[in-house]
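The same chain A turns up in both complexes below, where it pairs with chain B and then with chain C.
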Partner chain A sequence: MSRKLKNNLFKGSIYTASFLSIAMLLFLISTLIGKGVSAMSWEFLTSESSDFGSKGGIFYQIIGSLLLTLSAAIISFPLALGMAIYKSEYIRKNAFQNITNTLIYSLNGIPSIIFGIFGLIFFVNILNMGISWFVGGIILAIMILPTIILSSYQSINSIPVSYRENAASLGLTKWQVIHTTIIPRAINGGFTGLLIGLARAIGETAPIMFIATAFSGVTFPNSFLEPVSSLPTHILALAQQATNPQALQNAWGSSLVLIILVFIFSISALVRRVQYSKIKY
Partner chain B sequence: MLAFQNKIGKGYVIASTYVSIAITLLIFIILFWYSFEAFKEIGWDLFTRNWNPATEEYGMLSMLYGTLMVTGIALLIAVPVGILTAIFTSEIIPKQYRLYIKSAIELLAGIPSIIYGLIGIAFFSTWISSWFDLASGRTLLTAGFLLAIMILPTIITLSDDAFFNIPKKYREASKGLGLYTYEVLQKTIWPLAKKNIAGAVLLALGRALGETMAVMLLVGSIDKIPDPFYQVTSPGQTITSKLGREVGESAFGSLHFSALNAIGFLLLLLVITLTIFTQIYFRKKQEVL
Partner chain C sequence: METENTIQHQPLSDLAVTNLNVSFSEIDVLKNISITFQKNKVNCIIGPSGSGKSTLLRSLNRINDDAHKIKTSGTIHFNNENILQKNQDLTELRKNIGMVFQSPCVFPKSISENVTFGIQQHRKLSKAEKATIVEENLKKVSLWSEVHTRLNESGNILSIGQQQRLCLARTLAIQPKIILMDEPTSSLDPLSTRAIENLMVALKETYTVILVTHDISQAKRVSDHVFFICNGELIEEGNKDQFFNIPQKAETKEYLKNEACIC
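Up next is the complex of A and B:
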């Protein structure tokens, strides 16, 4: 085979593969938008679902998803911030650094369904909290913890040592140094991580389907220990009655709403990342 | 007062670190503890073919087979297509468009798996059933195909980074020798990039092994190994789809529940080993460069 022929064959396979990938991506987006928009209406967004979800809207599903995500954010953000600061400012031993790294990456690698089983055993049964949105929030918080820790840690780590030394030479205590120079950056970086984490958390089904959600007849929860309904579990239930066109129609509508929520989080994270990457010390 | 503040601050960061570490360890301990009964009672019979809670038979072989098969199909499709597309985005299209395409691909990586499941049910399962003339389109092949699409963005974007981070001078030097694009890539770029690409594939593999919702909706959920074993157009079951379908139905504390925990624990071990391996592999590589 001549060199030129080889080169052309190779280029051909690159174009074919890229065409396949791009066609697939366009197919996904156009399907989601096309099918979703035709199911969308003001009434769909603001009314309660009925008839196992095949009729009515998704108002309480949206509320439930937002509630789960918000509680996950409130629980995990301070925890992640603390760990990121401890990791960068206090831990000096290499061995301990390696252990924390391994644990963070392990936590990040745990399959989402395992979080669901853990939540079912520990929170629902051992602590006897029952199926409730609060348990769902805790589990999603644990799931997004590594993302926030790493993102916050990276932005703290990019602060030059001279900043810390200057602050310390003014006679500030260790915590004052952290409070004035480290924490503002930690919060900035952590917030970007939080947005990435929430984009993932709001779409997760497997961790919450045993522990936080009920399918029908759920409205706004009156206490911490009541189940909610959420968009992903709603889509799951509707996908299982896919032979019913009305249910499928509602599933597409719910998917579009879910995708929009996911993209709001991930696009804001992307924008923040581009903005903060311009900061130079 | 200052010393006091110092102490509170230190207390807060130490506490959050140990709470995070404790939670991570707790997940492993709880999962192991609740699968212990199954390991003790069932033992090596876990690695048999039949799963039937009514007769207290708990063999996970068909699920292990399903997991490996579905993941294998996904990688077989996604790795070549992904790497070739990454070459397109990093080497061929003009630089100023690269960022837009990359951002679009990263956004697609964020589409929740349940939505992929819905698309799979609405389209892919009907396509597969008409192409192969099957009664039901929910097969190992369908799940593998869908999984390939799900991990494609991960492979593309990480391989693209791997190619793009190689300094321009290598390409220029090779082109200066009169090599074709193919030869530049094969002789110069690929040897430098292949370690990072292997990392990308390992990461995608970890994600594929643990993927639940889309696979659960499309794999068919029948605990059997097809005969012959490469007949991928028949329904099967993966570890994750089994867990997704049955954990809600099993009684807490029963042997059935414990057996489900046991297969979950084995999956966890598999994925975590892979994760730690990837991490060590990347760390070593950074030292070399």
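Up next is the complex of A and C:
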């Protein structure tokens, strides 16, 4: 086979792979828009659901999903930032560094249903916290922790050693060096990781369905220890009524709203990444 | 020309190295170095690449402390205290012994924030104090006239030569007694190099300057006292005229002639 033919074959195969990936994504999104847009109305977005979701809107499901992701963000962000700084600035030995890497990647690879089961056994049963959005927030926080840690860690690692040395040579203590040169960069990277993590968390069903959500009859929670409705579990409930055209239409509408929320997080992450890549280091 | 006698009467600096040995991962980089630096002079450490010049310089403010598997023995006395002691206050040490590195490292902040970056970590500054410190130190490094209209712009917009002077201003702002310079002109064009060299000469009125360079002609232009280090050992030292005109050791002669090390 000639070199030119090999080159063209390789080029053709990567073009085909790219085309198929984009085509599948476009098909999915266009189907969602096509089917979901007919359910979309101001009333659908702002009214309470009824009749197990087949009637009414998804207002409390949107609120519930946002509440879960917001609590996950508040819990996970400082923890991940602390871990990333500890990992980059305080762990020296290669062996320990490898162990932490393995643990973080392992945490990232755990199937989401396992997080749900863990939450059910530990928080709901052992700690007797009941089914609540707060427990859901904790579990989602644990789930997205590796994404934020790795994103912050990569940001910190991209800071040249000379910045630490220059800061230290001015008489700054280790904490001052971390505070002035490391943390601002870690926050930037961590925030991008957080948005990517939240884009994943908001669409998760398995980790929260046993521990944080109720399928119907729930409005705004009055305390930390009450369940909420969420978009993914609502879609699951509606999908189970697939023979009801109204329920099916609401499922498409809810899916479209969920995808829009995921897109908002993903695009925000992308914009932030581009913004901070412009910082000259 | 200075004579040997005048050199002996030069006030010595408060910085003296005695029997200093430094190794990284069991590899000896500095071997039994003993040096007393001259006060208010440009002390120049020269030698070929990898001879241990930078390691010596970086030992003087212990910026090497975090290096992997570093072992240090001997003493470095500053103000009659051995700074190699474990309980040494590194913040105090580095406030007194400032450092300018090979490549300028401007923080992603404004020009004025870069100047006050170090000093404002040591004490709280009023707005007026900050303005005074910025002006004073930018003037010291002859940068004020070039940047005074854009102090709030990012330091990264400056040319490399200006950035290096900004780094020097940042170091001067912490009011050190000694300034360490690790090949500060190696990434600069000839014009910026000359500007930094002029500054070194001007700064010695107030500060003791310790310069590491592999550029023999630069050492000839700016130094008052020269230390030649080769293969981790101090081969020869002397005042500039004596060192360059009548070197004593064969190794020094060879280095000055061919920039080659025969140690």
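Annotations
Just so we're on the same page, the second predicted complex is superposed on the first by the 254 of 281 C-alpha atoms of A that agree within 3 Å, B and C clash if a C-alpha of one lies under 4 Å from a C-alpha of the other, contacts with A are read in each partner's own complex, and residues count from 1 in each chain.
In this section, contacts are C-beta pairs under 8 Å (C-beta built on N, C-alpha and C of every residue); 3 or more make two chains touch, one makes a residue touch a chain.
What you see is a predicted model, and the numbers here were worked out from it, not measured in a lab.
Contacts of A:32 after superposition: chain B is touched, whereas chain C is not reached. Once chain A of one complex is fitted onto chain A of the other, the partner contacts of A:206 are limited to chain B, with no touch recorded for chain C. Within the superposed three-chain model, A:180 lies in touch with chain C and out of touch with chain B [touch as defined at top].
Looking at the superposition, the partner that touches the larger set of chain A residues, chain B or chain C, turns out to be B. In the superposed pair of complexes, A:163 makes contact with chain C only, with no contact to chain B. By the touch criterion defined above, A:105 reaches chain B but does not reach chain C. Shared-chain residue A:277: touches no atom of chain B or chain C. Common to the chain B-facing and chain C-facing surfaces of chain A are residues 173, 176. The touching residues of chain A, when paired with chain C in their complex, are 92, 160, 162-163, 165-173, 176, 180-181, 279-281.
Residues 3-4, 6-7, 10-11, 13-18, 20-22, 24-25, 28-29, 31-32, 78-83, 85-87, 89-90, 100-103, 105-118, 120-122, 125, 142, 145, 149, 173-176, 178-179, 199-200, 202-206, 209-210, 232, 235-236, 239-240, 242, 248, 251-252, 255, 258-259, 262-263, 266-267, 270 of chain A are the ones that touch chain B when the two sit in their complex.
If you check the complex, the residues on chain C that touch chain A are 61, 63, 68, 90-95, 98-99, 101, 103, 105, 107-108, 117-119, 121-122, 154, 156, 167, 170-171, 174. On the chain B side of its complex with chain A, the touching residues are 2-3, 5-6, 8-10, 12-17, 19-21, 23-27, 30-31, 34, 80-82, 84-85, 87-89, 92, 103-108, 110-115, 117-119, 121-123, 149, 152, 156, 180-183, 185, 206, 209-213, 217, 240, 243-244, 247-248, 252, 260-261, 264, 267-268, 271-272, 274-276, 279.
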